[in-house]
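In order of appearance the chains are A, B, C and D, and numbering begins at 1 in each one.
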Amino acid sequence: MFLTDAPLIEHRQVARDMWVLGFAAPEIAASVKAGQFVNIGLGPGPLLRRPFSVYRATGDRIEVVLKAVGAGTALMLAMREGDMVSCLGPLGHAFDLSGTARNVCLISGGLGVAPMPLAARDARAASLHVTWVHGARTASELCAETEGDEVILATDDGSAGFAGDVVAAAPDADLVLACGPNRMLAAVAQRWPHAQVAVETYMGCGTGVCLGCAVPLAGGGYDRACTEGPVYIASDIDWRALPSHLPYTVMSA
Amino acid sequence: MFLTDAPLIEHRQVARDMWVLGFAAPEIAASVKAGQFVNIGLGPGPLLRRPFSVYRATGDRIEVVLKAVGAGTALMLAMREGDMVSCLGPLGHAFDLSGTARNVCLISGGLGVAPMPLAARDARAASLHVTWVHGARTASELCAETEGDEVILATDDGSAGFAGDVVAAAPDADLVLACGPNRMLAAVAQRWPHAQVAVETYMGCGTGVCLGCAVPLAGGGYDRACTEGPVYIASDIDWRALPSHLPYTVMSA
Amino acid sequence: MTPDLSVKVGGLALRGPVLAASGTFGYGTEVPLLERRALAGMVSKGIFLKPRAGTAPPRIAETPSGMLNAIGLQGPGVDALISDYAPKWAAWDFPVLVNINGESASEYGELTARLDGVPGVAGFEINISCPNVEQGGMYFGNDTRAAAAVTEAVRRRTRLPVWVKLTPMVSDMGVIARAVEAAGADALSAVNTFVGMSMDLNAYRPRLSFRTGGLSGPAIRPLAVHLAHQAARAVDIPVIGVGGIMRAEDALEFLVAGCRAVQVGTATFVNPNAIAEVHDGIAAFMAAKGFASLADLPRFLPRD
Amino acid sequence: MTPDLSVKVGGLALRGPVLAASGTFGYGTEVPLLERRALAGMVSKGIFLKPRAGTAPPRIAETPSGMLNAIGLQGPGVDALISDYAPKWAAWDFPVLVNINGESASEYGELTARLDGVPGVAGFEINISCPNVEQGGMYFGNDTRAAAAVTEAVRRRTRLPVWVKLTPMVSDMGVIARAVEAAGADALSAVNTFVGMSMDLNAYRPRLSFRTGGLSGPAIRPLAVHLAHQAARAVDIPVIGVGGIMRAEDALEFLVAGCRAVQVGTATFVNPNAIAEVHDGIAAFMAAKGFASLADLPRFLPRD
């Protein structure tokens, strides 16, 4: 884990209201794995850091993808190149690509696209056949940067690709990795109890001390999205008890 | 009084650690008089606005001069051209240049230089002979932009101009206008009870509602630096009761 | 259609839910640049029978998302209020309540008697909670019997609306709220400032000459929302939420917490037009949600 | 010369004045990236006799310069604490106090008895103030008799240092402080979080599933400094200041207000190395002012 001041070095738009920000953070870029996140501090700005999945990591650079949903994300999208953030990471447990799988299906709803470029990279490195199913409410909200051996798009309004939700659009696979609104992930859990899902909670610290990021477990009790998570085996989570009023749900599939 | 979002359009250094910032604020620039101030809001930043004397006003632009003494001034000096502040003003009562005076002596200690360029402008407009006495601890802290028919410099350490404080260095005049540390202004009040002095207090609102900017009066009671002030007849103030732990005192003559 | 924002609060029919909080709006003659169409009502700066000079400077100190103040209830006294300000108020299109202060129940009563019936005085807000005057409000605010006694003393002297401004420095808000309701209050304002202190590291003493000051601003909002909610659950009379409201969303938190109306204070120092922006933002929220009037806004007031 | 920052607090000799606050440092095994050389001591996450699952999410909500938390004292219970954590603590070069919680005085006493003498347990901090558990701490914290009873129950079971963590939700801090001092406390930690609430404007209910939460962070600092100052003036035992300390200047405010040491909480969430930076900043301040030891730092503790 590293704590570093990272300058903004690039931003580009990848969908309506959806932007990728690139920061120079060498140690994090060199060590981050798919599904892990960074906790970004803004000063002046909100007190607490804001957690973001790492979208891409190339050379000295990490990228995150976001929409403005509140004060912190609005400040980040208002940043100019050279402006600094405090970057803590990589944090949390990554997707597990070890094992005997020969093909993988990546399923992303809206901003759930966030961890998938790294997942595709790591999956190819493990020489898996990659199918990426990406969904959004409508065509203009689909992320422009999907990749893989096979890409399947889905929109709720049918304005592009499959008309319907990503879970219905997705084929079966040896390995299923999903990220998106908690409601969507609950549907994933229904169809693929062994899928690996990256969930979201509010976070106080991101480092395991505050117990603010409680994830209700199917077996009872809670553990910490920032430490044991954010990646879980879908069937391990008590989906009814997991709050689903976070912005991803507001914002997509 | 106007409330406007003003972009930073220039900054330049005028002494060690001392900077002039220029903002586009047409209505304020057109109406401000010497000794008046603007209350500047930073977002994100501290809750309360920060009061600054208007240093110059030309065309659409107002200028303020400052050093970094805390959170707000540090943020302002970190601003880049195009960055916005919220600007409320002009506020307070200006120097009174009406009357029969034929010559005026401007006395400024350290950042007390702030209202003097406007004072010199207005004095020349009233066709007064202008002597400007400017002092600081040492040569490098003298503001580079003094002007007038006659300019007298003073430094505590004698590294430039008169060796000693501005009050000792200043000649008599029909009209004396002074700004600087409250301790210096108290000395001005001793020598020229009828001098006009621009004082400083903490300010909550700058508009006369909070009563936070209390100035203790020689006749007893308090009035408001932001409304009846910041310019006072020196002998009207109860100098012993006026706090003098504000940054000007920390910072100069 | 534009939603109906009018509310009835403790005997007054207001054109909107956003009032100016005592001590942050002077006597209504000071605040510039405010679009007054949105101002539902105003509570005057706190007044005593006699003129008061107030405390020595420094009187304010900024803290994270807040400010401490120790103004010491500087004011001209009731005579000047009646002669200089009330006549102006009488001509305005929104009601002005006078924030009354005293050092004994009888002094509150006497002040009420002087002001009752004066044209321009639409009602009273009893300040039992100003933390800045050593012998003053604080004493009444956290003593159930004293709070009730002051309320009765005022109630007996007037038929005008009587609001009681509650102090947050209590261990059980519900108890005090019920006591002043029983004593005849028409509404409760919750809450006043929280007592705080900040140290000057050059002088090794408090930054305020009075040592302590009242904390206001966004920093206290979650505490104020909770106390206003507790009060709203404890009584049947309306509660006016006060504390850290900067934007419409903040005001809506108090309304959802069970408040009938809100007061905006410190925000006016930062943005003279804050009250209008809060009012308009509430209207926009209601329109977006399809609420015709504030009666439609869901409130969180559970039984348990 | 580098100033001497060591302090003696309630029976413990500490290498510095900056400790980790309970619940913000886990069991000392979690926090990464902290330069532990600067850590004077640590108070464990609050523990009960039995394991506790804690409250349902959402457990935290951010507010201006602060955060609300309702963790519900999730914890493994005393047995796991003794087997999994105490052995590690025994090997560390700073003392660990256990923050103990219960629903009755006897439960506090029993918990103390279980932990007294366990290697690694250097002392106790009694949490009479956790506002997040309905039947829990809150009840004791603002009831003088109950607070004293709990303190006695713990005192009777141990010779180790006993600190009492005070709740801010009281109408008179001095009274409670004197009561627990008389009951045998060696030091006081002031203060715990303030009860607050924040509303979700989509769901029209509190953002926290528990409804209320404890407010921490810079927002509460001026309130905490005042309460710690009140406690320090009321008692002869040392007071440890807690609340909103992010930087050295903030810690120095508590020290000037009369505190012997400080605890840093929420700041660690934002900056894992905050404790070291506060410690080093205090050292730099002392050096700049020419103070050889913390005994030289002027304190503001007037008689009147």
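One rule holds for everything that comes next: a residue touches a chain if its C-beta (ideal position, glycine included) is under 8 Å from a C-beta of that chain, and two chains touch if they have at least 3 such contacts.
Just so it is clear, the model here is predicted, and its values are computed rather than measured.
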Practice task
Touching both chain A and chain B: give me those chains, sorted by label.
Solution key: none
Problem - If a chain touches chain B and chain C alike, it appears here - result: none
Practice task
State the chain with the largest centre-to-centre distance from chain A, centres being mean CA positions.
Solution key: B
Practice task
Provide the C-alpha centroid distance between chain B and chain D, rounded to the nearest whole angstrom.
Solution key: 46
Fill in the blank from the handout: Whole-Å distance, C-alpha centre of chain A to that of chain D, is 36
Exercise for the section: Could you put a whole-Å number on the gap between the CA centroids of chain C and chain D? Expected result: 34
Fill in the blank from the handout: By the touch definition above, chain C meets two or more other chains at residues 65-66, 217-218
Practice task
Examine which chains touch each other and state the graph shape they make (line, ring, star, complete, other).
Solution key: ring
Exercise for the section: If two chains touch, include that pair; go through all of them. Expected result: A-B, A-D, B-C, C-D
Problem - chain A-touching residues of chain B, taken from the complex the two chains share - result: 44-45, 75, 80
Completion exercise
So, in the complex, the side of chain A touching chain D is made of residues 1, 3, 41, 46-49, 86, 88, 201-216, 220-222, 227, 241-243, 245, 250
Exercise for the section: Using the touch rule from the top, collect the residues of chain C that touch chain B in their complex. Expected result: 23-26, 30-33, 45, 53-62, 65-67, 69, 71, 74, 200, 202-203, 209, 217-218, 266, 268-273
Completion exercise
Interface with chain C, chain D side, in the complex: residues 63-66, 68, 142, 169-171, 194-199, 201, 204-206, 212-213, 215, 217-223, 225-226, 229, 244, 249, 252-253, 256-257, 285, 297-300
